[in-house]
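Chain IDs A, B, C and D follow the sequence of writing; residue 1 opens each chain.
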Amino acid sequence: MNLTVNGVEHDVASAPLTSLLDVLREELGITSPKAGCEQGGCGACTVLVDGEARRSCLLPVGALDGAEVTTVEGLGTPERLSTVQLAFTHHYAAQCGFCTSGMLLAAHAYVEHGGSDDRAEITEALGGHVCRCTGYVKIIEAVAAAARGDSFDLETTAASPGMTNIGGVR
Amino acid sequence: MTASADVLLPRSPDEAVEAFGDGSDVTVIGGGTIVLPEITYGRLRPTRAIILTAADLAGVKRDGTTVTVGATTPVAELVDLPAPVGPCAANVADGEIRGQATLGGNLCAGEGAGAPRGDLQGALLAVDAVARSAGAGGERTEPLADFLANRRGRLLLDVSFDAPAAGAFVALDRPHTHEYTTMAVSVARRPDGTVRIAVTGAGTHGQRLPSAEAAAGDPAAAGEAALADVAPQDDALASSWYRTKTLPVLVRRALAELKEAS
Amino acid sequence: MKAVGARLPRYDGVEHVTGRTTFVDDVRVPGTLWVKALRSPVHRADVKGLDTSPAESMKGVHAVITWRDVPLLEYGHLSALGIPADEPLLAKDDLRYKGQPIALVAAEDEETAQAAVEAIVLDLDEQEPLLDIRRAFDADAPVIHQWGNWYPHFEAEMDRRQIRKGDVDWAFEHADTVVQGVYRPAAIEHVPLETQVCLVVPEANGRLTIYSCTQALYFSLGVVAAHLQVPLNKLKLVGGTVGGGFGGKVDTATETMCSLLALKSGRPVKWRWTREEEFLCSSTRAPWHMEIADAVTKDGWILGRKMLTLHDSGAYARFSPYGLTKHSFHHTGAYTIPNLSFDGYVVFTNRVPTTAMRGFGVTSVSFATETHMSRIAEVLGLDPYEIRLKNANRIGDTSPNGVVYTDPSTVPTIQAIADAMGRELPADHRTMSRQPREGSLLPEHLVAQLGNPEEH
Amino acid sequence: MAKHTGRGFAAIEYPTGMNQNGDPSQAWIKVKPDGRVDVFAGTSDIGNGSKTIQSQIVAETIGVPYEWITYDNSNTDSSPVCTGTFASRATFVAGKAVEKAALEVRGRILDIAGKELEIDPGDLEIVDGEVVAKGAPQKKISVPDVAAAATWGHGELITGTGAQLKPYAAIVDPESGRVDLPPHSAISYAACAAEVEVDDETGEVRVTRLVQCYDVGKAINPTLVEGQIEGGAVQGLGLGVLESCYPFYPSVEHRGGEFGTYLAPGMEDLPSIETIIIENPSTDGPYGAKGIGEMANNSQPPAIAAAVFDAVGVWVTELPITPERVLRALEAREGGDGGPRRDGKKVVFDEELSVNAVSSGGVRFEVPA
């Protein structure tokens, strides 16, 4: 069976009930999707399948003959980051980085489908993804900024909303 | 385990029915959201599996007021259906899971290890849905409640229901990641004015609440009456005690919402 | 340009967003074997028999290890501090929690490893577990640990952590009101997105390269070397890039066992815990039981505190004695209470051992003392901000264990929140500072506890 | 349907660094022939950002751009000792070791620059990658030129090492718990106000707003400080109302083995968060920083508990504050059994939870009458 991953066609040898996640990581050596739970519960393995954000741990590869899969490797490169990659960098939306690939692909699909910068809408789209580090604040900020089409300065990072520094106090 | 499984990919409903046969020793995969983790974790080692993705069993059809939903229709495609079905579908897990998970998986899910499964069962029971299925003895169309009681060895093909005159859906709301529904109540008013009430999460699968229905004119009384119809369980999400305390509240709130919607 | 104070981008930010950060599970070494564990199926049992030969003889299985393969079976998480060890790396005579590792298998692939684990024959004599720390001291409680049901090795071989300061009896005698309550925060999981994972590669020169998700490279290096009884230069820990930890990856949960399997098989081995193992078998934040009685005056001074803490350590001690000590040192929270009597016990139960987690030892006591503070305010009919400001640590006040506070910021942080919440504080509270107590804020009962901030 | 809102408040403190042992971190730094700086330290970056923070400290201390720093914490062969990333020590303790190593490097650069410029090193400073004479900025040499001169001209390696060790604090009196030295390196402080919405029929608690204030000493990188505070706030929310490994504690039944049944906070749980930073510098931390990573999840649970009381008038003192616990407390109050027992001057809450009620006498909590 055939799978196109980030524009490259692959002849897949894994058994049809193997998860797409396993095929990507173990057969094709594409390691950005993470095995965070293999239960469909965390979103660290999310990739795009024919443009839609999907949990790759839940998809038997046998169901995907001819599908086009996009992982973070297909979004952008360090020299040419995609919009959501720029937004996540500028807004410090990644701490340990383990949930980041899945978040980015969900965010990318959201923005591509015309998502707005509304927090409730972003939550509806990304709400199944677990991040244990950030408390989600900066992730939401990043997705909103990408949805608005902000431009991003990579020399610096953005402050969170609602932050005040009152300096030294007696 | 998975490497040795005989996997079939039927290309039409007929092929699916034929591949399924009498259902013995067959693992059916719709969206994969329930089955794949079981396989990955080594708890399910299929010898024969059918992947239904290409079997042309998906889609929502409307014929007048009758709605027919194919078995492999993703839950996401149900969210615009009339209440209580639409709001119930919107309450399932999260957007990505709803895009993958299917109606059939939701209705045929086995008991969850630590939480209720099959959110849609309650909503579809409340709208008097009928299930069309194949398996030993051929095709069968029956009330959803009967299908749920005897679903082993059946391949669900579709579910139909008449859009209710009004409906409402109320769930306990304790958001967390990949949310499972602790308990939810669906109510629907049929064109003849009678009210159906069903619950998910107060037992191993969705169920009608006939005692509550009999008292539907008085929401508070209906809520209390509902307790006669259930034997709620303890699980990771809530205790039997808590479900017993809150089922009357949910029934009452759902009926109040129904009144507003009517 | 200034670097300190600047909102500079994350050092590894671009790696993260391009999916190029290499976590342990992303390292690829040809010929790597998969590891699976046989874990205790019960909460407590005596081991009557353990036969791994059916697994060893399976095709594709390269190594099986049990307690017999560990050069130094027991090495405590705090052994380096002279605290004795109590936990075998792999279970030997008895099982003390569901999920405890008993044997590990390294095989060609995950399925074979799992099948081999299932082939191991385990003969158990199940025993009654102890689960409620409040019952651990009862005469009829099952005794579940070689040291008894609570940790007996504090300084001077005391069986509890104890704090005594001032004269607590005087405080309760002179109190207008005594407010008493019980506080019980739950065990929680660390939930790092990256589950426990380790890859060990045996090198041609006899060294082991250990790819580890540890939060503490040198700590884990020491633990592995001790169990293996090898000098530090036989091991190279590779890590430093961790997919979340929150304290749970201070435990050296996988590195030693994988090293033993790599040595025995002569092959690289990888063990990645499933999320279910992470939820059910990995160490957790401890559940705590805390009882507080405060002697207070009607105008809101806290004259004294009596406190009893039971720390549910789970099956073994790990870091718990240290966590309880830290807890005891902070049992007055951000306030100065001159008369104290604290007793704390590390109690063993048949649940997963507990370990460090964000706020270790103090998260619990912050919850207890602050909720208690809110209750005192409610009971006395006082403003919750004002009562806190009055009792707040000031420069020159002393902690429960006698340390002088030199730069406490309790007062300004409370004032900032009052401001942000639109809470009008009385003028004397608005102008309070963290400077040493004087005047009405230095009543008689707070004089004796004062220390000299210059000394610390 | 009856929803009630409430506000609660808490103030906390937290120690930086390990309490009770020597707690070493070490670092070494070398400078390449073009002035670029390689830092070796053993501090794991668990997402907290220690690679970034320690690189910033090195850049600032030497006086070169952040982009010139490479940071290697990848293995125990090249990195010296660091006990690890825990106890809020990665900035405070390990960052100090890096600062000390960088100071040594700075001194070596000034020495060699002094030889090149024939100026006393004490009269030189490093600004933006250039060594300049104080008061005579036209006399200068770039750090790359100094590094080249060291390598090719003077035959020297510009390097520095640093070690930070908190002396062992012993408990000198086990009876009283008295210590001979502070068992921490610094104490950080925070306060938090929480707003909640409580449904008095289902017991559900939703945290709607957290307003927090932290004394961080010095925000080495304000964005990363925000990241710690926000992440901590949501973990504190989880502690307060959602998470438990044992839903029926002390029973071990019905443990959640997946994300659906273990209630980790999701995006949907996120309340509105406002944060105020205070910078009262510590004496021992790098640039006055304190460690706030851990305490970031300590203030929310008690603030939430107080807010729940404010909303519906019951104290829930077992965490998490589950809907069931709220309902049981409300029911107890309606049954006339919810409040504290008053006995003379004693006001006794939660008697049914006490060891005195559960133990058959093995342990007691005795309070003077």
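Operating definition for what follows: a contact is a pair of C-beta atoms (placed from the backbone, for glycine too) under 8 Å apart; a residue touches a chain by one contact, two chains touch by 3 or more.
Just so we're clear, the structure is a prediction, and the values are computed from it rather than from any experiment.
Looking at C-D and A-C, the interface holding more C-beta pairs in contact is that of C-D. The distance from the centre of chain C to the centre of chain D, each centre being the mean of the chain's C-alpha atoms, comes to 15 Å. Per-chain CA centroids place chain A at a distance of 32 Å from chain C. Taking each chain's centre as the average of its CA atoms, chain A and chain D sit 27 Å apart.
Note on chain placement: the centre of chain B and the centre of chain C lie 42 Å apart, centres being C-alpha means.
Residue positions 6-10, 12, 191-192, 242-244, 246, 274-276, 409, 412, 416 of chain C each touch two or more of the other chains.
In chain A, 37-39, 41-42, 92, 96-98, 127-130, 132-133, 157-159, 166, 169 are the positions where the chain touches two or more neighbouring chains simultaneously. For chain D, residues touching at least two other chains, in rising order: 45-47, 49, 215, 219, 222-224, 232, 235, 255-260, 262, 264, 266-268, 274, 276, 278, 280. The touch graph of these protein chains is complete, with an edge between every pair of chains.
Listed in rising order, the residues of chain C touching chain A in the complex are 6-10, 12-23, 25-26, 28, 190-195, 242-244, 246, 272, 274-276, 409, 412, 416, 433-435.
Only residues 45-49, 215, 219, 222-224, 226-227, 230-235, 258-260, 264, 266-268, 270, 272-281 of chain D touch chain A when the two sit together in their complex.
Listing the residues of chain A that touch chain C in their complex gives 29, 31-32, 34-39, 41-42, 44, 71-73, 75-78, 81, 85, 88-90, 92, 94, 96-101, 104, 130-133, 154-159, 166, 169-170. Contacts from chain B toward chain A in the complex involve residues 2-3, 5, 7, 9, 29, 31-33, 36-37, 39-41, 46, 49, 51, 53-54, 93-97, 99-100, 177-178. Against chain D, the residues of chain A that register as touching in their complex are 37, 39, 41-42, 92, 95-98, 122-123, 126-130, 132-140, 157-160, 162-169.
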